[in-house]
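Structures given as structure tokens follow.
Two complexes, one shared chain (subunit A), two partners (subunit B, subunit C).
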Partner chain A sequence: MSFHMNRRSFLAASTAALLVPTILRAQESDIAIGSLTPNTGGGAPFGPNITAAHKRVVDAVNAAGGILGRQVRLFQENSETNPETAVRAADKLINVNGVCAIVGTFSSSVTLGIMPKCQAANVVQMCTSSSSDIPVADEKGLVFNFQPLSPIWGRAIGELVKSRGIETFGLMALNNDFTRSMMDGFIEIVGQDALLNEPFYYNAQQSSYRSEVTQLIEKNPQAVFVPSYVTDFTAVYKELYRQGYEGTVITTSLSTGPQFKEAIGGAAEGIVHGFPVPAINSPAYKEYLVEAGLEASDSVQHPFGTAGRDQLTTLLLAIEKAGSTAGPDIAKAVWEVTTGEGKTTVYNLADGLAALRAGKEINYSGASGSIEFDEEGMVLGRDFQLSEIRDGEDVVIERLEY
Partner chain B sequence: MSAYLVSMATYAGFFIILALALNLQWGLTGMVNFGIAGFYALGAYTSGLLSAKAGWPLGMSIPMAIAAGFAAGGLVALLSMRLREDFLAIVTLGVGEVIRLVVLNEDQITEGPRGLRIEAQPFQSLIAPENYPVFYLGFVAFFVAITYWICERIRKAPMGRTLRAIREDDVVAGVLGKNVFRHRIQIFAIGGGFMGLAGALYAHYSQNISPEVFMPTVAMFIWMSVIVGGAGNNRGLLIGAGTVIMFLEGTRFFGDVLPWLDAETMSSVRIITIGLLLIVTLRLRPRGLLPEPKFTYTKDKIAG
Partner chain C sequence: MNLQIFVNALVNAALIAPPAMAFSLLFGVLKFPNFAIGGYITLGAFAAYTFNVPLGLPLPLATLGAMLFTGFVVWLAHVWVFKPMQDQSAVTLLVVSIALTLILESVVRLFFSADVRGFDIPLERPWKFWGARITREQVEIIACAVVLATGLHVLLRHTRIGRAMRAVADNPMLAAIRGVDAAKITALTTVLCGAIFGLTGVFAGLDLVIEPLVGWNLTIPIFAAAILGGIGSPYGAILGALLLGLAEELTILVLPSTYKIAVGFVIIAIFLLLRPQGLFGTAEIKK
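So, the complex of A and B:
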């Protein structure tokens, strides 16, 4: 077969190709927002919750008449938890869809990867990342992080397990920024002397963790702490079980979600895991559970989904407050609607908009925490909870309140 | 929109340089290289580290990236001299992963999983920021042109014929007195150098590199570019790499017009589309969109 293209058909084809994107642009009156979530790859266990939470907030606000009298259009892209893909996706969101903010990035490398493009275009970023490089790279003050930096996690888990009288630890962590800095925070609290092994890192996606686990439990510590994600922790835990380790296994609640419990079954008994949690009585968290169709329980549910709700709610409140979709204006308004004493506390977008339109100053308290930002745009401390798996269920054993 | 097209064209430029390099190694000489991502990473990190950490000017760090790719290519070819086809494929895949894992774990030097921030961009101070993306596209296009020119020269030169002879049957080429060993090392080193160049250009463009960028999937996209474009034909690769990027990126727009496709389904649909592209191409044009021209013997006119 052969393939002919004459000048006429070439011109027709290229004109068509150039015209397509104009159809895709949001209508001039719409407020365009980009959602860039990790729906596949390393963040796959959490991405879909964030995507769904973003969408719910936008659907609700559009049904109620939109923001500044305009409809909100959400453009969703999958970052694949890969900075290479994410940068191209961000490029499309910024230059084609004309978004004023990109929310929902999860892995630090993705958040940092798209930052040069976002800064150049004055696009606000909202993420749940952990790298301490984020505030440094954010030269224009446009980035807001909805997750406490991971050294704080490590310190909190350290405090909580130390109070349980465990004296010797074995330590290893997944080799990424989030888990590594968590390990540093943990060591700060328990002290070098409590460590029986030299802490080390393991790589994701290995088929077996036999030698790593052997090294970890060589000196038979009372407890091992393994900051990790669910995929690798499942493999690591299987190996710990196979090698007959009898001490306490400590990790983050990210690693012990339903996916883990299903894979491990009864052998998961006794694992201790910690996580920053929404204030247990927070109305926003309860509302989130209803919105997402979940039953209240002791387990940490949708840790990043709640953050997703808070990201979009904060963003839309800030746009309403600023009366503008320009990045720097929104960024300034984010502080005004989340942080500061003596304002009306609101727990959802509808109430927040009503209060703003009534001319009140508001402070949004979210489903993932009270959402107060420091001057670098990092969220301030959240409550921390330590749970133990008993009979396949998470049972809260301790709570640290900030 | 035009800003988006400019940036996609820039990406296509990186892909084209990588594809030209692979074509040199595999299309022309028959040496399988699955470690493209590794050489790409080597170039990116060499130039990135030299400029960000050692403060070298880009005029030196980018050539160093080429040199690093060149040396690594030569070394890999030397080590795996006795290996052919499948075995060379496995060695190169291994080398690619080794480079990525070293970058990931030697975090004192490379910043590991945190990713390396690179401030320096070529001719940064001379170009206004709003014109910079267009300038960079031109900058990349310049290097694409040079790479293309070198590859074409090699292909048309007597050396190109020798390389094709090695690809078809290296024993015959050896028997005819060609130095198969030397040619293979040369070509692998030159290809490695080009890949290093592509890496350096990418690093200074994206200004933030981390080991996750250099997963083996990158190699797969380049392989597809070469297969779709037509192995052995440099001109075909320009089309092949362009087509792959177009499908990779164009499929993104499905999500905007088809709202019932959520972000997860979308990314699967995109990869499926790329797979279909490969299958359809191989079915309809097994030798690529622009196949390598067959060598035809024409009678010498003067001698007639």
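So, the complex of A and C:
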């Protein structure tokens, strides 16, 4: 097949080519930001809270005149907690909506899955994911993680359960990077000698978990630690119960949400679970409760909704500070508005913008934690909390403050 | 530990054997491997959940409802999807059946989301004997599987309908000449197998969790058990399920648990290479 271009089609094509920048400029009047959250699938208990938090921050800033004199436009997409869906959504956000940042990704596979596209387009990413691969894959320094990496989870849960005087453990974990590295962190703290079995991994979506559980409790450890997700943990826990295990079962709070309690009922009594929680005494957390119309509660602490608020607040402060929507400029400014001492501490976007416009250096302290980043863009610390299920409710038994 | 391995294998087999028998029976009549079984089982689990939890029926009644519902759906799938395509090759029908399972799963997701669910019955602690543990629920699942296998045996060997089913599976044209209404027998087989998949959905919901992938997770073990026993041979499927259960349990003693999921695939590969007719199937002569 050959391609012929006559004078008329050449002129038409040239005119179209000249018009393209005009169309792009027309889109540039708003600052476009992508919110890619797990509204269904494994992250469904948390996604809608993240989405709502993003939206509240944007609505408030637009009502107050926007950023850099421009309105902020939020494009919302559901990742379905599924990397394939997320990649398609990221494609649309980057190429059709022209976003400068994609915020709110939750599972590590989603954050990592969309990363090549974001890096190629210089789009900033803000996530709550825990895989240790994230800083490694982020070659351009455009990714900021608002949740500690999973070895930190393992170490924190290890510290908390060790102080409860448990001496022997059985360990098995779901076979993925998040849970594997959590197990490594846990072993660092409790020590190899406390383990009664060689730690091992199981796959999700097995047709039975019987032999794994038999192996786990063979030597009757005082406690078993099973880093997992809710679907596999529900099946594993049923099997632990049915095989008569009476020691303490420890896991992450991601696995023991309302769905789990509903499916297991009274047999869930006594399960110990832990995960990062907001700094409940910080002014930003109290403001978050008011913004979201929530009551303060010991057992329910909105770790991901608060992170959503912090992501968008940090992003918009960084855009204001950078005076630009180019990815690398925003990324550089994120450290400037969140990390470092001797600056004015601010707890919300309005105060932060006012301070920046008054020429001050600021440090945003968020609702999910104090929001300080290491040189790889990973949040430095979060509070951790250990709870126990009693009468179908989570009762806080210990806290580890950062 | 050792006795526990056999108990574990037995419970696995009780879960896998009935649908493997149904899969074989369906293959015999329809002449293609129907991978929509994953979707059927999921549907059975969610139907029973709907009857049991939101509607508050006791589990035995909910199970009966789920079996009727799944039987109806499998018959409907036969009439709407597979019958109009019956002249297509087995490979085409296999691909269509995979598509059907994805559609059924998506429909379940649409109405129930991907949340995990459980039936409204409390978990039970096990009975202990000689160092092994088994729960009443697991004994009931095993008993159900035995009753079902015996029932199917009686049906196939000692009733007119069973003979007609075997005749249609063997040679539909000859059966038709002898006055067997092949269409009616096929429809009946689909309903019967559908009911068994519905029951499996309930067992899987009890044993694992009720979620949209519950059926799909059982598909490979079921397929492996059917191949091992000889596809088209319902009795072989029982032995296939027992051997597969045992193989999976023993694997974990020598290999990391993450390889367990591969046992089914390895068995399928070995048998398809060395003895495609399985342990009990008869070799087919291609003309």
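Assume the second predicted complex is superposed on the first by the 370 of 402 C-alpha atoms of A that agree within 3 Å, B and C clash if a C-alpha of one lies under 4 Å from a C-alpha of the other, contacts with A are read in each partner's own complex, and residues count from 1 in each chain.
Basically, a contact is a pair of C-beta atoms (placed from the backbone, for glycine too) under 8 Å apart; a residue touches a chain by one contact, two chains touch by 3 or more.
This one's a predicted model, so the numbers in the text were calculated from it and none came from an experiment.
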item	value
Clash-or-fit label for the pair subunit B, subunit C on subunit A	clash
Partner chain(s) touched by A:Thr40 [first = subunit B, second = subunit C, both, neither]	both
First (subunit B), second (subunit C), both or neither touched by A:Phe75	first
Contacts of A:Gly244 with subunit B and subunit C, given as first, second, both or neither	second
Which of subunit B and subunit C A:Asn145 touches, first, second, both or neither	neither
Subunit C versus subunit B, contacts on subunit A by residue	B
Touched partner set for A:Asn175, first subunit B, second subunit C, both or neither	both
Touching partner for A:Val230 - first (subunit B), second (subunit C), both, neither	second
Touching partner for A:Thr306 - first (subunit B), second (subunit C), both, neither	neither
Partner chain in contact with A:Ser208 - subunit B first, subunit C second, else both or neither	second
Intersection of subunit A interface sets (partners subunit B, subunit C)	40, 175, 201, 203
Touching residues (chain side subunit A, partner subunit C) in the complex	40-42, 44, 172, 175, 200-203, 205-212, 214-215, 218, 230-231, 234-235, 238, 241-244, 259-260, 262-267
Contact set on subunit C toward subunit A in their complex	1, 4-5, 8, 11-12, 15-16, 113-118, 122-126, 128, 133, 135, 137-138, 207-211, 213, 216-218, 220-221, 248-249, 252, 256-258, 260-261
Touch list for subunit B against partner subunit A, complex	1, 3-4, 7-8, 11, 101, 104-105, 112-115, 117, 129, 206-208, 210, 212-213, 215, 218, 248-249, 252-253, 255-257, 262-264, 266-268, 284-285, 289
Residues on subunit A engaged by subunit B in the complex (per definition of touch)	1, 3, 20-25, 35, 37, 39-40, 47-48, 51, 75-78, 80-84, 87-89, 91-92, 94-97, 107-109, 112-113, 115-116, 120, 131, 133, 137, 175-177, 180, 201, 203
